[in-house]
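Letters A, B, C and D mark the chains as written, and numbering starts fresh at 1 in each.
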Amino acid sequence: MTTKRKDKPIRTDIGWSDATSITLFGKDLPSEILGHVNLGDMGFLELTGRLPNAKESRMFNAMVVTLVEHGMTPSAIVARMTYAGAPESLQGAVAAGLNGLGTVFVGSIEGAAKMLYEAMPLRDDKPDNKAADVKAPTSATSKPNIKLIAQTIAQNFQTQARIVPGIGHPIHKPIDPRTPRLFELARETGFDGPYLKLMQAIADEASTLSGKALPVNATGAIGALCCEMGFDWKICRGLGVMARAVGLVGHILAESRKPMATEIWHSIEARATEHFR
Amino acid sequence: MTTKRKDKPIRTDIGWSDATSITLFGKDLPSEILGHVNLGDMGFLELTGRLPNAKESRMFNAMVVTLVEHGMTPSAIVARMTYAGAPESLQGAVAAGLNGLGTVFVGSIEGAAKMLYEAMPLRDDKPDNKAADVKAPTSATSKPNIKLIAQTIAQNFQTQARIVPGIGHPIHKPIDPRTPRLFELARETGFDGPYLKLMQAIADEASTLSGKALPVNATGAIGALCCEMGFDWKICRGLGVMARAVGLVGHILAESRKPMATEIWHSIEARATEHFR
Amino acid sequence: MTTKRKDKPIRTDIGWSDATSITLFGKDLPSEILGHVNLGDMGFLELTGRLPNAKESRMFNAMVVTLVEHGMTPSAIVARMTYAGAPESLQGAVAAGLNGLGTVFVGSIEGAAKMLYEAMPLRDDKPDNKAADVKAPTSATSKPNIKLIAQTIAQNFQTQARIVPGIGHPIHKPIDPRTPRLFELARETGFDGPYLKLMQAIADEASTLSGKALPVNATGAIGALCCEMGFDWKICRGLGVMARAVGLVGHILAESRKPMATEIWHSIEARATEHFR
Amino acid sequence: MTTKRKDKPIRTDIGWSDATSITLFGKDLPSEILGHVNLGDMGFLELTGRLPNAKESRMFNAMVVTLVEHGMTPSAIVARMTYAGAPESLQGAVAAGLNGLGTVFVGSIEGAAKMLYEAMPLRDDKPDNKAADVKAPTSATSKPNIKLIAQTIAQNFQTQARIVPGIGHPIHKPIDPRTPRLFELARETGFDGPYLKLMQAIADEASTLSGKALPVNATGAIGALCCEMGFDWKICRGLGVMARAVGLVGHILAESRKPMATEIWHSIEARATEHFR
């Protein structure tokens, strides 16, 4: 005989429901949320515990919309091939596609945000800052020397032969066409703060050091904007995950209409096993 | 020696990119999409190939926002427990949570939409209707007798001892508080068409037949709205998948701040193995 | 204020552990399992609650080994592409690959087993038959007319224009080379019972009816063997899932040494977007 | 107009098939593998490119069998809750469960192997050592001072306030009952080489330094055995993934017979939202 285990308290602050109501982040879902906010605003609510104002809504929606779709990416190919084998489980096909959004393909958002926060900690990183007081950093703190910080970062990465997250792009050259638009929206909404400046300065320094054009790419811009909005760096990858889920549903619909998974399979198999034949 | 395989053509109409541009559904991503649309609109674009007008945007965003979050659901518990074991992979935790959005928990959207379309086929279901001509059904077709159709459906399900998808709720009684709000928004946006009426009529008939209150629940309302918007029934589950991805990122953030996964594990293990001790 | 919820009992019979011991299916893991059984036997233990005898071990291991690896299948391509994007999560890459083992690619094991059980129910399908009394069906029950059953099945499928699960193969013609070997092992181990005969008879009848060679394929043979072993039809897909997990780890190792994911991505993207260029 | 992309060669050495044959790692699947090897041997084949001898087979099977099942773990809870929501997709439930086998729950195998290899590199880590010449390290290389290496490692971890992977266990105290059995099997099969000794020495040193009993746990023992077998450290987590896939199929079968997912859901939700009520 053993003594019975004593439960420890667990607690969610996100929300709850009973017979007649559903409350999320202190708001009544039917009357205070439905019809008032869009899907991106709902994402902002999940990350901050409060609804965005008009400027925050515009900026945050642009950030996630940027990440929804980029054509025939690995995540799209994976979702399509999974759906072809298991059409009973659309959810499994989306899940499979999301599994690849890691350090290589979307993680540079996280990498950029972490790099920027560590180089320039402008706010107290309280463990429970998921509240209305999350705000863009102000210059009230002693003004950091952005050019100097950027030089140090670029040199450190070069010395360690590491790739700076959030700059350069294999296809989009000399600039990533999403970046100027995201910066423009940042100016319009007041999010063109110190982290955007630092991200840009790092790209400039790295370009100078390497002698190659290494402009800020979309994930670098979004990572910097995450810092402006005060998101935890470890959740920044989540913007890519929530956004791409939307895009993958579109690819599965397309696959159901114009299938390509079987042809991908057979042509890849033929190429990869040619030496055996 | 074998003859070399000849590739068959494959084709995506979703979009593509080159060095200086990204084109999605015929639109330039930076200049025509970013800053102009919200995340829900982007979902509508993925499902229809065109951007929504203001009423469509309002209705579609309300549909997906409804599905983002419902507190400590199985998908949230799964995502949190997965994150606790593999914090290096936020994407894997979201993927794990999405895998459970199947026939039981979200599939009733799909089940309701399929039931409604099959009972009342109001439009040509062309294989490639992903275009600007997707529109709400009109009464141009011979007017269906909604009450009669609903009676037939309710009786068939009862005879076969099957559960009608989209009605009743284990917690929300006597009504699901989300449904009246979704119906209200449908009236405001002009989506209160024949499929909503049929869904309501089926719930009324099933309630009469069973002698229990079986009101339209949120997934029934959303399934009917999917029909009004002309979505393929087999993609309707996708609205729940894209929406819940947003909510699960929020739960992972919450888990990183106030962890509960380990306590869930140990308390469940203790309860399930008590007879051994 | 609400009354506190009263927990209902939950119970696992699989096993439990305390400070000094781990007990699984009534056996002490270190002393009674480790070093005594192989991984396939452990799978048999999970499905039946008891360890296999020598013949069962040989047959069951051959069944799962058959399903481990088939070269560059969709599941392998998916696992490799997922790993390329998220090398921090080998587990996520395997999970992604497994998600595609559904009704199309592995489900025919399940489909075949379900078809065979329903056509010829030779044992009581008690809800809790996970016990030592699971045994191969005996002819003690009134002898079924296998040829007649097979004719009925083949005709029904033809009439409904449905594909008989477990027969025919797109690549392996005129026979699937795994099938004769699995049948041979079934004879050696005493598992060549009525379900194997019925599966073979169905293939013969379907071939006659269609005028094409439609031999029993590997999943048909394994589905029939699952029936001989008395497994629930709804778990038969699980043999493919546990087996392919082993193979996908091998593909991820291979991808880490000779990567092909990026080339697959770029070549597929180029082909699928050629019409845009 | 753009120049058409030129494909780069891709190549798998794992295997291929044609109309009448399936060849894996140079062996004919039906005649040379089926009926000759068990599922664990097949895993060894995937990781080394060759079949194990009798001792390797015994040791490797014990390693993976250790990881199949540990009762109501987070991965089992996740798989059961996922299956409850999406019973159409057994594969998705297993995939969800596997997603949590990361740095916290199974990664210590990987962490231990990496730590041991880096501290004591006994073989050339050639990129393509997946061949018959993979063998246990010999003392031909200059004999390392295991006690000294262990002291350095234990002190470094303590100085950095990091947890040594592969030692200690929250439940199994003072020793993990799987470890002595794995060490015993290592002696019987000749795998009790320098990496096992180093792992043990590290545990001893860490125990001395901390003043607590920190014995080698199962993942530490398996990590050390992976080194003895010459596996890449980055694939060691894969042993846990392939093994647990087997166990999760068993949990899903059990869930289908004695469901507990709904009770877990409701009881956790009630506890986590009590403060709202």
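Rule of thumb we're sticking to: a residue touches a chain if its C-beta (ideal position, glycine included) is under 8 Å from a C-beta of that chain, and two chains touch if they have at least 3 such contacts.
Every value quoted in this text rests on a predicted model; they were computed, and no experiment measured them.
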Exercise for review: Determine which of the two chain pairs, A-B or A-C, is joined by the larger number of C-beta pairs in contact.
Suggested key: A-B
Check your understanding: Using C-alpha centroids, which chain lies at the maximum separation from subunit A?
Key -> C
Check your understanding: How big is the gap, in whole Å, between where the Cα atoms of subunit B centre and where those of subunit C centre?
Key -> 31
Revision key, fill the gap. Whole-Å distance, C-alpha centre of subunit A to that of subunit C, is 38
Point to revise | Centroid spacing, where centroids are CA-atom means, of subunit A and subunit B in whole angstrom | key: 23
Exercise for review: Could you tell me which residues belong to subunit C and also touch two or more other chains?
Suggested key: 2, 7, 10-12, 16, 18, 71-72, 86, 88-89, 91-92, 95-96, 99-102, 106, 260, 264, 268-269, 272-274, 277
Review point. How about subunit B: which of its residues touch subunit C in the complex?
Key: 7, 9-12, 16, 18, 23, 86, 88-89, 91-92, 95-96, 99, 268-269, 271-277
Point to revise | Touch list for subunit B against partner subunit A, complex | key: 1-2, 4-5, 7-8, 10-22, 24, 29-31, 33-35, 37-43, 45-47, 57-58, 61-62, 64-66, 68-72, 89-92, 94-96, 98-102, 106, 127-128, 130, 171-173, 175, 177-178, 180-182, 184-185, 188, 232, 234-235, 237-239, 241-243, 245-247, 249-254, 256-258, 260, 263-264, 266-267, 270, 274, 277
Practice item. Flag every residue of subunit C that touches subunit A in the complex, lowest number first. Key: 2, 71-75, 77-78, 81-89, 92-93, 95-97, 99-107, 260-261, 264-265, 268-269, 272-273
